[in-house]
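In what follows, chain A forms one complex with chain B and a second complex with chain C.
== the complex of A and B ==
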């Protein structure tokens, strides 16, 4: 049995793989995501995932809403009244009259009215493709009673659909709310990082389809180096709020196999700020339960003894 | 020019085209007027156009003033629709918007409608050509399902059957069809014509029957044939050059051996401009072609788009004409003077200098001129194609907002390829309108609710998306609100909705006859649109209130 919390260098080795390839992962750089959703479609096409609802959500251009049994890549669209680096969003027209330039030529009759709504001056439209994090310490895998969920030689976490019995223990165990039961069959489904494709030396379907390389696939060590350099580059370009999410092996899940470059707090993207592997506290829970049981027994004994004295 | 035309006539009519009969130039069909798409629709309403082929086109939702398109089709004798699914242009006669409103009854429609399911690109061989002029070949991966067939199959067998019916005819007017070279080999279980045989015919043959390799070889004496001179060379050496797929890692960054570009496999037009007046690359990193003084020729990574031996120092002699009048440092060889142009001095109906006119329907007067609209524009005032009062004209405030139409990433044009695809439909599942928070407040529009948008042409309903991305504009001292409408929807398919083109008018630019769908005026109100006869009633009420008649908006 492998470790269930804390930093872990060799996740596949810890799971018993000998002579395994390097740990592979996703680095999703949301700063270059253009919101085309090609990743969502490529994922569904490759993995034959059913369409799961024609719902107009009103959440900007995001009608997918979140990851689930039938959505393994999800592109979030977030509209904010905030600046994006040094870009001019071009949405503040309150103090600018389109005919001012004509006015200068003395052709327009009316002078521009000045003044506008100050908080309308900034706009940024964040797009981010979410996916299963393939945690270093994956609670879904820890709680799976059938061994359907397993750690691959690439360090990824995969459900074996022919073994899953639909117990659903893994669903509340996931700190990100990723893994999910399919309504009409009860089994759980999630991103496999295209285990079939990567076993054949190909990149996952979403990364292959991504036209801007927002989704990058490769050895996790390399991706972490590349990501750190990208954050530095963005900071130098004035995008001060660029930060990595899920890259830290010291975090509550031991670092993610799929990590992100975000332009705001994780909560803005619907991501938990401080995810913790839900099985981390199991040993101490058992200890507490033991103490509680002993206390209860002691109390009962004391009560019994006291009753006898009366 | 004559070499190109003669070679084209030889490709079409082969042995029947000879020097003695002027290579059958008289076989070419004559234009009887403008056959632009909008004038064709109006000619259908007028009864002048009686038959219509729609091949991968869905005007019932995709063309400006969709109602006029449907009314045109309803006045045809026959209509052929070839598409992947039963698009709106194939079913308007039984379930279109006019059937719902009672403006049209199926039993009154005399049009005979034929629907032919079309094969997808994976089910047929052929080429993709993007705006970069590169022809990329694709090979059929599977046979098409059911009755679906390729466009090539349809055209070839239609021609074959027509020719069989006409066989033996002595009528002169049948000669152009009977004399056509229509002898393409067919292959496979469906008798699919060989797309590569068609490509080879387009490429052309020399007197010895050899495949031509460049349009310089074309002759005006009937000894060469070529279906399209700019494609000459795409089948050089009998090899399908468009099917080349040499990996980028095995060639330089120009990738000249990936597919084939017209003309002459040239990847960048006017690439002489990548070199300075003396013929040296402006930038080594971005060099395309340069002058090789020793050999006295242009050379480089790309195929030079310049007369190969014209030195940079060449100065045209006085009185030079044609290509000889273009100097060695004038890269833009298809312009009369070889120079880059900031404006077109001749050829534009409304040129030569760029200027500003207001759109056909505009909330503002033109601040530049006394008249607002382009005097050379094309407008057609019809019962179902009325225009709005503009600017300071009375009634303009009945349609106080500006609509602009656009596309979404998830859908493709009129939706025939995307609205039937579940994976795309679920990503943009409903027609919506985008409005600013300010307009939403002004008109009581609820985010996620419904709104009805009205013009003099029609009214549509859409889900409301309130977003900061739509910003009120400040124009001539007042605030102007915009309404954004993606135009992909229609009543058929996996995701359905009203078509934005119900709102647009047929008002065309004078040069290339493009419809004005990027800026038009409209009103917006909360809630869904009326059903049945109430819908045209609402549109009529707006027209009355704005005082619209057949002359509105026709003034310059």
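== the complex of A and C ==
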């Protein structure tokens, strides 16, 4: 039995794998996501995931709504009013302003109407491709009573669909709201980090399809280094909002196998700000339950003792 | 570019990560005006979410199945304790009623559990492994340890056969029964559901009290008045424990306990408290005098216990569906002042 909380260097080894490959993961850099949803589509295609409703939500360009049994990659769209700096076209024109006369969707005039000191770009459009975090301490895996969920040699978390009996326990256990039950099927489904592809030395379908390298796949150690450098780069460029999410092995889930670079608070993206694996508290839960059971025995004994006197 | 050579050992060669910096002021302006990027303009005062959508997934469980399972499991486990006491203190009618109640309740609760599975035919997969980190796995084994013995206890009592074995089985169910009652609280607390997880200290005691009250209720309904003195005591004990632990829970959780006070969960919890308190008070005062009064009080206690479990179930669901609770818990942890 592995550790249930805290930093853990060798997840796969902790789960009993010997001579395993390095832990693989995703670094999703949302700052370069263009919201094309290629990842969503590639995932659906590769994994033959059924259609799950064609709805119009009014939530910006997001009609997928969230991760679920039939959505293993989900691109979030967030529209914000936020005074931004200008994009640099990378060309010097002297006194000539390349932005003059540009009126895309009335944004420029709107910016002008809002006053400002010539700053344009009042609208900020955040896009982020969400996915299962393949937690170091995965609550879904911990609570699964059948052993259907398991830790692979790559340190990822995968459901064995031939074993899952659809008890649904993993669903409310996941602190990120990732895994869900497919209604007509009864079993639960989520991202496998393309177990079939990575076992064959290929990168996951979503990462492969991503045209901007917003989704980067690789050994987790390497990704963490790359992410740290990227945040620094953004901070140097004046993007002070840039932060990493899920990269810290000291966090409540022991760090995510799939972590992110965000440009706003996690809540804005529908992510929990400080998730903790529920099983961290399990020893204490069992202790409390034990004391409660003894209290029940004691109370009943007292009822009999009192009953005799009457 | 997306070209990287990925092998079994991982990706070879560094990918040229994208280096765009959207939203920054760009090198040219920065050189002129220094750092004027998108620093937080307004501190985030109000609660934020992604279009109000929940952060975690609410349980997929059906209330009738799983809240029913919690109630019936509590009734069964506590009834076994009541039965054992009745047996050793020479109250055969109470013992028989409690044993039969325990068997009926555990059978129904197991049926409810199986009914709720997405793949009921795969129920036996629960017994593939024994996982201490999974309360549902532990619970399945507790049911295996308890259920057949409860059957044996009830059947030997009803038929009068194999009395010694029956007595041993009764003793065994009295030992394992409390585990059946309290483990279900761990079952729901070991989730990311704010109203359940945050309440993990009090829930086992609520469940123990509620289970005792239900078992007492069943005893009052089914046994003759001359044998129900212990059941009346158990009713008072159960009600006091249930109500006190619930109060404590609400106080300690503060705003996170809101789903226990509002909406469907709140209505059920209020009904539960009224029924449990009335049932226990009635049991203490009137149930020793008339069978009809005893049955009425017993019914109230049973209904109260059921309402408690359904109320807790609904409160949990409401707390999962509103991202506010998830954020409140986690922000509160990070910033002790909040």
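Keep in mind that, in the parts below, the second predicted complex is superposed on the first by the 252 of 310 C-alpha atoms of A that agree within 3 Å, B and C clash if a C-alpha of one lies under 4 Å from a C-alpha of the other, contacts with A are read in each partner's own complex, and residues count from 1 in each chain.
What we mean here is this: a residue touches a chain if its C-beta (ideal position, glycine included) is under 8 Å from a C-beta of that chain, and two chains touch if they have at least 3 such contacts.
Computed from a predicted structure; not experimentally measured.
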| item | value |
| --- | --- |
| Contacts of A:65 with chain B and chain C, given as first, second, both or neither | second |
| Comparing the two partners chain B and chain C, which touches a greater set of residues in chain A | C |
| Common ground on chain A, meaning residues reached by chain C in one complex and by chain B in the other | 57, 92 |
| Residues of chain A defined as touching chain C within the complex | 1, 4, 21-22, 24, 29, 31-32, 57, 59, 62, 65-66, 68, 76, 78, 82-88, 92, 121, 124, 139, 142-148, 163-169, 171-181, 185-188, 198-199, 201-203, 207-208, 210-214, 216-219, 222, 226, 230, 233-234, 237-241, 263, 265, 267-276, 278-279, 281-282, 284-286, 288-297, 299-304, 306-308, 310 |
| Chain A contact footprint on chain C (complex, rising order) | 1-2, 4, 6-11, 14-30, 35-41, 44, 47-51, 53-61, 77-78, 81-82, 85, 89, 116-120, 122-123, 125-126, 128-129, 131-137, 139-140, 174, 178-179, 181-183, 185-186, 189-193, 197, 200-201, 203-205, 207-208, 211-212, 216, 229-234, 236-238, 241, 288, 316, 320, 323, 326-327, 330-331, 333-334 |
| Contact set on chain A toward chain B in their complex | 35-37, 40-41, 44-45, 50-58, 60-61, 63-64, 79, 81, 90-99, 102, 107-113, 116-117, 120, 123, 125 |
| Chain A-touching residues of chain B, taken from the complex the two chains share | 367-368, 408-410, 422-430, 432, 438, 447-448, 463-465, 467-469, 471-478, 494-495 |
